[in-house]
Amino acid sequence: MVPLSGGNKVKAGIIGGAGYTGGELLRILVNHPSVEIAFIHSNSNAGNYIYEVHTDLFGDTDLKFTGEYNFNIDVLFLCVGHGDARKFLAANPFPASVKVIDLSQDFRHSEKASISYDTTQNSQPTTRNFIYGLPELNREAIKTADNIANPGCFATCLQLGLLPLAANNTLNSEVHITATTGSTGAGQSLAATSHFTWRNDNLSVYKVFDHQHLTEIRQSLTQLQHNFDQEVNFIPYRGDFTRGIIASMYLNSDLSAEEAVKLYTDYYAGHPFTHVTTRNIDLKQIVNTNKCFIQVQKKGNKLFIISIMDNLLKGASGQAVQNMNLLFGLEETAGLKLKAVAF
Amino acid sequence: MVPLSGGNKVKAGIIGGAGYTGGELLRILVNHPSVEIAFIHSNSNAGNYIYEVHTDLFGDTDLKFTGEYNFNIDVLFLCVGHGDARKFLAANPFPASVKVIDLSQDFRHSEKASISYDTTQNSQPTTRNFIYGLPELNREAIKTADNIANPGCFATCLQLGLLPLAANNTLNSEVHITATTGSTGAGQSLAATSHFTWRNDNLSVYKVFDHQHLTEIRQSLTQLQHNFDQEVNFIPYRGDFTRGIIASMYLNSDLSAEEAVKLYTDYYAGHPFTHVTTRNIDLKQIVNTNKCFIQVQKKGNKLFIISIMDNLLKGASGQAVQNMNLLFGLEETAGLKLKAVAF
Amino acid sequence: MVPLSGGNKVKAGIIGGAGYTGGELLRILVNHPSVEIAFIHSNSNAGNYIYEVHTDLFGDTDLKFTGEYNFNIDVLFLCVGHGDARKFLAANPFPASVKVIDLSQDFRHSEKASISYDTTQNSQPTTRNFIYGLPELNREAIKTADNIANPGCFATCLQLGLLPLAANNTLNSEVHITATTGSTGAGQSLAATSHFTWRNDNLSVYKVFDHQHLTEIRQSLTQLQHNFDQEVNFIPYRGDFTRGIIASMYLNSDLSAEEAVKLYTDYYAGHPFTHVTTRNIDLKQIVNTNKCFIQVQKKGNKLFIISIMDNLLKGASGQAVQNMNLLFGLEETAGLKLKAVAF
Amino acid sequence: MVPLSGGNKVKAGIIGGAGYTGGELLRILVNHPSVEIAFIHSNSNAGNYIYEVHTDLFGDTDLKFTGEYNFNIDVLFLCVGHGDARKFLAANPFPASVKVIDLSQDFRHSEKASISYDTTQNSQPTTRNFIYGLPELNREAIKTADNIANPGCFATCLQLGLLPLAANNTLNSEVHITATTGSTGAGQSLAATSHFTWRNDNLSVYKVFDHQHLTEIRQSLTQLQHNFDQEVNFIPYRGDFTRGIIASMYLNSDLSAEEAVKLYTDYYAGHPFTHVTTRNIDLKQIVNTNKCFIQVQKKGNKLFIISIMDNLLKGASGQAVQNMNLLFGLEETAGLKLKAVAF
C-alpha cells in the first residue's frame, strides 16, 4: 500500500475530463469513498462546470474543469486520445511518485509499455513502466505497479472469455469471435456512423479480422499459454444501442461441458466482477455496472462462450478505478458497486 | 393539364439531390409510372452514382448525380436549404415554362411567394408566383399553379389536424399543441442532438412556442377562418425515432363528438391521403407512406385531435410528388401508393 | 429516530419482490449501507435465487425469494399491484411496530389513507395511517410517520413541476401538461402496447385528460394552495424507451422569469434530489438516478416548465428508499447516490 | 403461363391473414397490378376490417377478414404456423387447379415436400408436390411448379450468401455464420424476449448451432454442390430492431477477391432482387424492400460475405409474391418495387 499525499484519500487528477471515459470516471469518483478529485483538466472546457458537459452530474458536484494542473496528486488518469497519452507525459513531466493510469492504447503492448523523460526535479531521466491493467490477468502485478495501461474495451470482453482456456493450455484450435459494441465505443465525436438517423435500428460490420485490439488479446493469451499460435478471427459489429459489448466465441475443444465450466469458475474465483454461468445471458444484464458475465456451454465438439460487459465501465473507466483500488490497497470493489440500469 | 416536353412522361430535374428530401424524392420517382428523371444535381456528389449516397437505391437505378443541368424539363424540384432556393432561382433563370416545386420555406409565406428575375431568353423580367402546396387546402389552385411552395413538415401535420375547424369557423379558443418529430426532420448534417449516443432513448423540447412553422399554420387557418385570432401554443419535441410526426392538439369547442367527426370526415372526403378515425392511432401506422391519419375525440368541453404523418413523405417529398401529380393532371396518388413499413 | 430491531441496520422485508419496483428496490437495498434485507417474498418465485428473476443481480447477492415472511423487521415494502396492498395488509396483520411503505396507489388519497385490522397480538384493532410520501411536499411529516403511501410516477414528476407555484399561491390559470413515460411504467406483464415490434420507434397517447394520477396531483396542489380550482389538462404518452418520464407544462403567469426561477430554487433548497435550472434539459440526464431536474422559463405571459425523472427510481423505488431513510433518521441520500446511465 | 380464373388478374386467397406474414402479404397485394384478393381468412378476426388488425392499411382497403373461403381462386397463400399448413390442406381439400404457396416450413424439406388427400371432386387422392421457392436457386422449376414451399427467413439470407460458392463447387471448408434478426422474426405473439422493456437496446444469442433452418440450407447447398459435407456453424442473435436480417459468413477459400466477386456477380446476373457489391453494406439499406444485398471481400485466405435482407419481405411475404409472379408468368418484380424505408 502506498502512502497517500492527501491523508486518508487518494488524490486524483484527470486529464481529458470532457470525453466519454473522462465523464464516466467522474461519475464513479464523485461517489468513491476514498478519492478526492484534485483537478479535472480540459483544454476546451476550462472554467466550465463539470455538469455543463456531463449534464447528468448537475446537483452532484460543483467542480469545474481547469486548464491547469498540479503535481500534488497520488494518481493521474489519462483520458485522452490514442497517441496523445504518450505525448502528454513526454511534455508534462509528472514526478515519478504520481502513478499514472492511462486509458489509451499507448502503453498496452509490452514492447511499448514504457516512456522515459526528464522531470523538473532533476536531469536524470525518469522511466515509467506500465503494467497491463487487466486484474483478472495481472492482479498481483497491478498491486505493486507504478503505472497502468488500462485495456481496451473489446480486448477486455474477449480476453475474459478466453483467459481461462489459455491459463490451462487448452486454446488449441482456431477461435471464432463475433462481438457487437454500443455507440459510446466510438467516442463523442460526430460521425456518419454515429448519426442517429443512420444508426438507429441498424447493424454493420467493420474492421473485419483487423481490429486493433487483437494485438492486446494475443499478447495476454500468449502470456498464459506460451505456445499459443492459433488464428483468432474477430468480426466487430456496430450495434444500435449506446452501452455494452456482447461477444460470442467458439472453438474446438476436448473439454467436457462440466470441465469447461469448472475451469472458468475456478479461474474467476476471487475476482469480484467476473461471473461464470450456464444460464442464458443477454447484453443488458451488465449495462452500467463494472461486471462481466460469461456463459459457457458445450455444443458437439465446440466450446461456445458468451461474454458481456459495459464498454465504458469494465471496458474503460470502471476498470481504471478497479486498477486504482488495487494500486492503493483499497477494497477492489470500492466505488464500483454500481446499480445496473437493468432495462 | 400541361403539355409535356418528353412525350407521355413528366421530365423532372432535381436540385440538391443528395440530401434527405432529395433522396426521398428519388425513391418515389424511380418507380413513378409517369415520370422521367432528367437530372439529379448535386455539387458535392457530381459524377457519383445515386446509390453511393442513397445506398438503398443500389440495384434500382444506375443514375448519377450531375454538376450541371439543363432547361429541357417540365418540372424542377428544389431540395436545397432554406434561403438557398430563392438564391438558386435568382442565379439560374429557368424558363417560365418549367414549373418549380420548392421544398424549402422560401416561398411559403404569401408576402414572399414570388420572385422576379431576368431569363436568358429575353430581358423582360420573369416573375414566378408560388401557390402554397397543401392539397387539402388548395387543391384547385395547385392544379393550375405555375409554381409550388411545398409546406413544412410540422406545418402539414398541424394544419391537417386543424383545417376542418377553421373551414367551419369553429377555431374559437386557444389551441394547445405538442408534437414530436423523428430525427430526419433535422436533416443530414451531424449535430449534437442527432448523435446516436445522445438521442437514443431520449426526448427533449426545443423552440417552445417559437417554431418557425407557426407562420405557415396561422396563414392557412386565417385563409379559411378570416377572423381567426387565437393563440396557437406549440411545443415541439425531438423524438428518438427517425421518421414521423405525432401531434396532439386540443381546444375548447362547442361541437359534439359526432359533429366534430362529421366535420372532419366531410372536409377530407375526396382527399386520398388524409383519413379520419375515432380509433386510437399510433405513430408507426403511417411511417413510409404519404398518408395522414387524424383521430378525433371529445373529452368534456375539449376537442382532442391527434394527427400523424411521415415527415419526409406527406411532410416533404411525398407531398411534393402529390403536388406534381396535380400540376400535371396525373392521378393524385400516382407513384404514392407506398407500402407502409408498419413495424 | 426509531430504535431498530436489528442493531445498526434497518431490517427490511419486501412483498412482491419479483416485479419491476421490487427488483429496483433490491438493486438499491443490496448496496444500502444501513439496510439488512430480511426477506423478499414472492409467491411465484419462492425458492428461486433473486438473480434468476433480476438477472443483473447475479454476482451481487445470493439471496432467494421466500414464500414466507416474519414480523421481525423494521420496515415492510409493499411492491404489489394496485388493490393488492390493502388486501395484503388486511389479511396479514403485521404488528404496528413495523412501518409500511406501500408503492401502490391504495393509500395515496387522504380519504383512503388508513386501514384498520386485528393483529395477532391482541384483539384491539390496529389502525395504520399513511402519509403521502413525497419528501418535497411532506418531509417533516414523513420523518415521524408510521406508514408511507409512496407517490405515483407521473404524479411525482408533475407535482415536482408545480408544487413551488402552489406553495406561493400562484397557480391561477389552467395548466397544460404533456408527459411521456418509458415502457417500465406499464410493468412487467406482456401486452400489445409493450410488444417490441409495436413499441419500437412508436409514440402513442392514452388516457387523455383521465389519468388516475390526477387525483394525487390535485390533492397535493390543494394542500399547498387551498383555493386551487383550475383545470389540469394532462396528456400522457407512451414512449419508445424503457425508463424515465419527461413532462412539459405551461400556464399563464404574472411571475417574471427571474421571480419564477427564484421561487423554484427557494422551494427546493435543501432537497437533495430535485434541482432547478434554466439550461435545456433532456430525459436521459436523470435516467437511473433518484434525481428530478426542473427547467423553468418564461415565454411571453406563459410560464413553461419541464420536469424529468426516472419513473422506477424517483417515481417509485428510489423515492421509497428516500422515505425509508427519512423514517429511520438516516441520511436522506443514503444508498441513493446512484451512477446515472447518462447515455 | 397458367390460364387465370378471374380474367386478367390472379385471384388470390389468404389463410391466416391476421399474422405478420399475412399482413405483409396484404400490404403488397393491395397495390399489386395483377392481383385480385378473393378472401382473407382469419378465424379470430372474421368480420373485422383488415385495417382493424393491420392498422396501417386504413384508407387503402375496405376488405374484411372472412371466416369462410371458396375454391374459386388461382392461388392460395398459407400464412399459418408451422405444422398448421399441412393440417389445413389435409382438412380443406382445395382442387388441384389452385396453386398453393405455403409460408410455413411444412413442405420445405424434399422428403416432406408433398401431401396427398381426397378432394371433394372425386375419390381419387390428389397429391400436391412442392417446389422449394427460392428463385435464385430454382427459378425455372418454380415457373412450372404446382405448389411452392416458401423458404425461411434466415434460410433465404444465408443461402443467398453461399449459393454461388456451392454452384461452383467451392464450398470446401467449414463455414462460420453469425446472423441477427429483427423482432418480427419471432411473430406476433407476446413473449418475454419480445417485451419492449427487455429487448430494447439488448442483444442475445439463441439456438446456437441448432437453428431449424440449417436443414433447408444444407439441402440447397447440396443440391448445387453434391459433395458438400462441411460443417455450417450458425449463431443466431435476437436484434433490437423490428425488421431485417444481417448475416456475416466466412470460410477458407482459394478464390481471389476478383474471382469471388465475379463468381457472385455472374450467379446473380438476371436475378432482379439480389445484388452483389464490394462496398460496405449495412442492415437498413434493404429494410422494407424485397432486395438482398451481398458484400463480398477476401481477407487473407478467408472469403468474407455479408448478406442483408428484410425478413418479412425477401424472407417471407415478398418472396411469396415473387414466387406467385413466376408461377403465373407475370413480371418477376410486379408489385415488388417497394420504397425502402431507408432510415
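The chains carry the letters A, B, C and D, assigned in the order they are written, with residues numbered from 1 in each.
Criterion: a residue touches a chain if its C-beta (ideal position, glycine included) is under 8 Å from a C-beta of that chain, and two chains touch if they have at least 3 such contacts.
Just so it is clear, the structure is predicted and the values come from calculations on it, not from any experiment.
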Joint neighbours of subunit D and subunit C, given as chain labels: A, B
Chain of greatest Cα-centre distance to subunit C: D
Distance from subunit C to subunit B - Cα centre to Cα centre, in angstrom: 43
Approximate Å spacing (C-alpha centroids) for the pair subunit B, subunit D: 35
Of all residues in subunit D, the ones touching two or more other chains: 20, 183-184, 197-198, 200-201, 240-243, 281-282, 284, 287, 343
Residue numbers on subunit B that touch subunit D, as the complex places them: 20, 23-24, 27-28, 31, 52, 54-60, 182-184, 200-201, 242-243, 272-273, 275, 277, 279, 281-282, 284-289, 291, 293, 312, 337-343
Residue ranges of subunit B touching subunit C (in the complex, touch as defined): 176, 178, 180, 197-198, 200-206, 208-210, 233, 235, 237, 239-244, 246, 248, 250, 280-284, 287, 297, 299-300, 302, 304, 306, 343
Sites on subunit A touched by subunit B in the complex: 20, 183-184, 188, 190-192, 194-201, 240-242
